[in-house]
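Structures for review follow.
After this come two complexes, each holding subunit A, first together with subunit B and then together with subunit C.
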Partner chain A sequence: MTRVISILFWLSLAAVLAFITLPLLVVVAASFSPTATVTFQPFEWTFRWYGDLLSNRWLDPFLTSLKIATVVAATSGVLGLLAAYCIVYERLPGSDVLMSYLLSPLSVPQIVKGVAIVLFLSMIGFQGFLGTPALIAAHVVLALPFVTRMVATSLANFDANLDRAAQILGAGKLQRIRHVLLPMIKPGVLSGVTFAFIISFNNIPLSVFLVRPGDSTLPITVINYLEYSLDPVMAAVNVASMAFILVVIFLFEKIGGFSAQIHGGSK
Partner chain B sequence: MSSLALDSSPPRTRRRFTGWFSYLALSPSLVVLAIFFALPMGIMIGMSFADPQTLSPTLDNYHRFLTDGLSLAGFCRTAIMSLLVAVCVTALGYPVAYFLARSRTRWRAVVFALALSPELAGVVLRTYGWLIILEDRGFINDVLLYLGLIASPLPLSKNLFAVVVGLTHVVLPFGILSLMTSIQGIDPNLERAAQMLGASRLSVIRFIVLPLSVPGIVSSMLIAFTMAASAYATPALLGGAGFKVLATMIYEQVLFYINWPFASVMAISLLVMMLAISFAGVRYESRRRLRTAGAKGDN
Partner chain C sequence: MNLLDIELVSVSKTFANMSVVKDINLAVPQGEFVSILGPSGCGKTTTLNMIAGFNAPSCGDIRVRGRSQIRVPPERRNIGLVFQNYALFPHMTVNENVAFGLKMKGAGSNEIALTVKDALRSVHLEGYGERYPRELSGGQQQRVALARAIAPRPSVLLLDEPLSNLDLKLREAMRIELKEIHEQLGMTFVYVTHDQEEAMAMSDRIVVMSQGSIAQEGTPAQIYRDPKSRFVADFIGKSNILAVSDVKPNGKTAEIVVGNDVRLIARAPDDDRPIRYCSIRPESVSLGAVTASGEDKSNRINAVVRRVINLGGSLEVLAQLSEELHLHILVRSSRSTVAPAVGETVALGIDAADIQTLAE
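Now for the complex of A and B:
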């Protein structure tokens, strides 16, 4: 009986893991297949679709997404760092209220935020703002609460005795921030910035309202295309964009991101 | 969030300088959120009370939402779909979470990476994968036709089934994480004790692990429900015109019918659904805290 149950447990575990990995494997396989349909029969491998990626059709939206995500990551990183510093470290009066105000966008679904922003822009007659500027503004609103929360968490874990020790040894305020506080919370800030980059780069529900023909992000271009065609070039686009995200994570990790945090960088 | 403010207590010097400087440093965030979040939300709520033609104040949009049949049906479809996703995510995530919480072997790292890797792939890639698998000439139909088990392709896409499968896949990593945290909090000695007293593996799960992980089950269901209800890309691609949810209906109202007031009403209905679910979660959590605090007080 016990044996049967443990076999069932392992089977269910394997089934769930297969369910998780299946669509990813299928997309990778499709990106090398000559036709859009993935069959279990052997097919000729081709790299043709990856060659097609270098056309303007895919490069332009990729560069737009890259530009937007970079600006969003930098802006929300700086704003989130300043906001979390003031609220958690300086403990301004009313910090609880300020913090819940800064985190309030988290409780509103993205699609609702998207409607509100595009409605607002058309009310004040700023339709020309659609495209990159509106996307940047909306993605900052989306990313800022996440960054603020991540930085606030690492600030809350920051040992204030280190700060006191530096002060006793005669360090000024700016010196303490520069040489004690910032190095200690760097992993939190970097993971916040990476996260902001990824949610901007992959975003759909907000972007879908704010793009403009000729000024569209990569994921939106892809889903508009997918609505009427399952062209295998889409698989290549998706695999390439996932590889790009992995490279971004790897780079930030190299600068000293998450694993430092996991392995007790701040605690 | 209040706990965040309590932990660090930096030395208090030169308050006057830090006072105005802090407000100055904080102001960009406050202003950005005011202009691009608070103000638009206010305008949207105001717009929901405006007549689509004349913009004069009216309750007609809400009346239409409740009576035209289609909108309320979309609302219910969204709720049912999200509930199904919540159940699937929790049921599928539980064995993985249990393994991750209890395993001490090196397979743990492998399973952990496999379980969370889809999160890096983005929603479009995964949804595209499910499109290839589920469409009429897709992978599953292809295999079944080849084996001669079916005569014509099964309708696997553009319906509730496809959307639930796709969304379950999107949300599963979050469900696994929250279940894992909860199971890790259960003392493994309880399971050992029960086993030593002769309980079978099944009754250990049934009477020890499951009851103690109820908070994790609740939070995994809440996360899954809210993520599913507000998802856009997966229902748009896997459901299409055959299975419309609030998110895709809102998109239609904005970009095809250009009916701002009605789009606002639909967006508000989605927001209300989310807030109701989150409120239920917060209430459950605070009552549980009270109960456990009371139980500890008795000892």
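Now for the complex of A and C:
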């Protein structure tokens, strides 16, 4: 009986892993396709589609997305850190309500949010805000619950005795935050920031309402392109942005050491 | 006259209608090793936290070197604290941990380097400076915590059950080391513990706390020899506590009746309070069968041996004096000792001075 369960477990695990990986592998293979239609030919391949990526058609949206995601990551990192600090660490009055409020954007569909933001901006006469400024603001709203939640978790795990130890050793509040609290929650903050970056960089449902023609983000450009053609360039764009995200994660892991930092400085 | 390092004046602490510390008065002279000893929940940790400044007393005053500390935050009290769970900064090396207090005081880097080295030397951890706390054993971490606390030269060092997370052997070794460090530094130590052996082994003075109040204070010898209450007699070391049904004072001694009909000559009480109990330490009872000293004990009583436990260096004997009166006796055993047999009748000898009368 346990044997059957065990076999079922491994089978379903393999199915899940295959489902995650195989479509990606198809895209990767397609990006090397020798013909102008998306085909899968394992013995013939070419790099030529990747050459197209360096044209302004793809480079501009990439840079726009990069710029927006960077600002969103930094802004939601700072705001999330401050919010979590006030809620979890200082336990300001109304903390629970504040936390629920900050997490509430999670429960509104992004499309609804996008429409609401567009309507709101035109109502108050800020249509000129559409494009990069609106995208940044909207993405921060979207990313903030994740960042706040992650920082809050690492703050909740912070040993209050460490703060007391620093205090009795003569450290004032700001010194304690700088020398003890921040280094201890750094992994949580950095993983929140990474999340925010990825959420912004990959976002479609919210961005689709807010982009301005000629100043589009990468995923929106991809969507627009897909309406007319499905060719290996498309696959190459996707592979390149996937690779880019992996590099970003790797870099943050290097700076923050999500895993190594948890039990103290890396050696 | 000795300078007082710490004074607690009528200090009380109430948490949500619960009176945790009740009107405590305590004066600790400079350089003394004082233990605050008591079972868990007696208010000793709260008292320590009030001295450190993490809790404000509900009323009363706390002074360090004559200055009231009531409005002084912990970071400006110049007090050292060693935590039970060490509370080392995991993201800093041993050196950085020990240097932390000096850095916060704005000491120069040369002075910091020298002091850190000194502090690590005094806890025997030279050469461990570059390691991280997680790379050290529990005992080593505790030494780092100690070095970190003493490095800024605080006026007073508070220790909150610092040895309770260590195993027995290490704990015993650390007792001696702590005592040596105390003598070396000449710093005032306030040591909070529930372990009476620890307190006995290290302290100049022991303050026994029970239910938020000081039950008794004195040198370890005083506390052990002259417990003033049943609680202290029972909490410090082992003791036979017997209910006393009648007392006849007789100058320096008193005749007391324990059990229903066993008469004993006891030390006369120190005050006029009615005597309700007496305490007899197991090792102060001699066993006729095994001691050949022949010295004249004030009390000679026959008892039947009910149980004998060989502890190696000593024998623990349970002797029955009457229907419901038993005494635990501890006699040192050597190669020539003949252990009493169960069921055998033996003569017990107890000095009047070793029978302590208790009012409560």
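Assume the second predicted complex is superposed on the first by the 231 of 267 C-alpha atoms of A that agree within 3 Å, B and C clash if a C-alpha of one lies under 4 Å from a C-alpha of the other, contacts with A are read in each partner's own complex, and residues count from 1 in each chain.
Please note the rule applied: a contact is a pair of C-beta atoms (placed from the backbone, for glycine too) under 8 Å apart; a residue touches a chain by one contact, two chains touch by 3 or more.
Remember, predicted model here, so these are calculated numbers, not experimental data.
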Partner chain in contact with A:Val180 - subunit B first, subunit C second, else both or neither: second
Which superposed partner A:Ile255 touches (first subunit B, second subunit C, both, neither): neither
First, second, both or neither for A:Leu13, with subunit B first and subunit C second: first
Touching partner for A:Ile204 - first (subunit B), second (subunit C), both, neither: first
When both partners are placed on the shared chain, which of subunit B and subunit C touches more of subunit A: B
Partner chain in contact with A:Ala83 - subunit B first, subunit C second, else both or neither: first
Touched partner set for A:Gln167, first subunit B, second subunit C, both or neither: both
First, second, both or neither for A:Pro109, with subunit B first and subunit C second: first
Set of subunit A residues, in rising order, touched by both subunit B and subunit C: 159, 164, 167
Residues of subunit C that touch subunit A when the two form their complex: 52-54, 73-81, 83, 85, 87-93, 100-101, 104-105, 132-134, 148-149, 152
Of subunit B, residues touching subunit A in the complex: 1-11, 13-14, 17-19, 22-23, 25-26, 28-30, 32-33, 36-37, 39-41, 43-44, 47, 92-93, 95-96, 99, 111, 114-115, 117-118, 120-133, 135, 137-139, 142-143, 146, 169, 172, 200-202, 226, 229-233, 236-237, 240, 247, 250-251, 254-255, 260, 263-264, 267-268, 270-271, 274-275, 278
Contacting residues of subunit A [partner subunit B, same complex]: 1-2, 5-6, 9, 12-13, 16-17, 19-27, 30, 36-40, 79-80, 82-83, 85-92, 95-96, 98-105, 107-113, 115-120, 122-123, 137-138, 140-141, 144, 148, 152-153, 155-160, 163-164, 167, 173, 198, 202, 204-205, 208-209, 219, 222-223, 226-227, 230, 234-235, 238-239, 241-242, 245-246, 249
Of all residues in subunit A, those that touch subunit C in their complex: 159, 161-162, 164-172, 175, 179-180, 183-184, 261, 263-265, 267
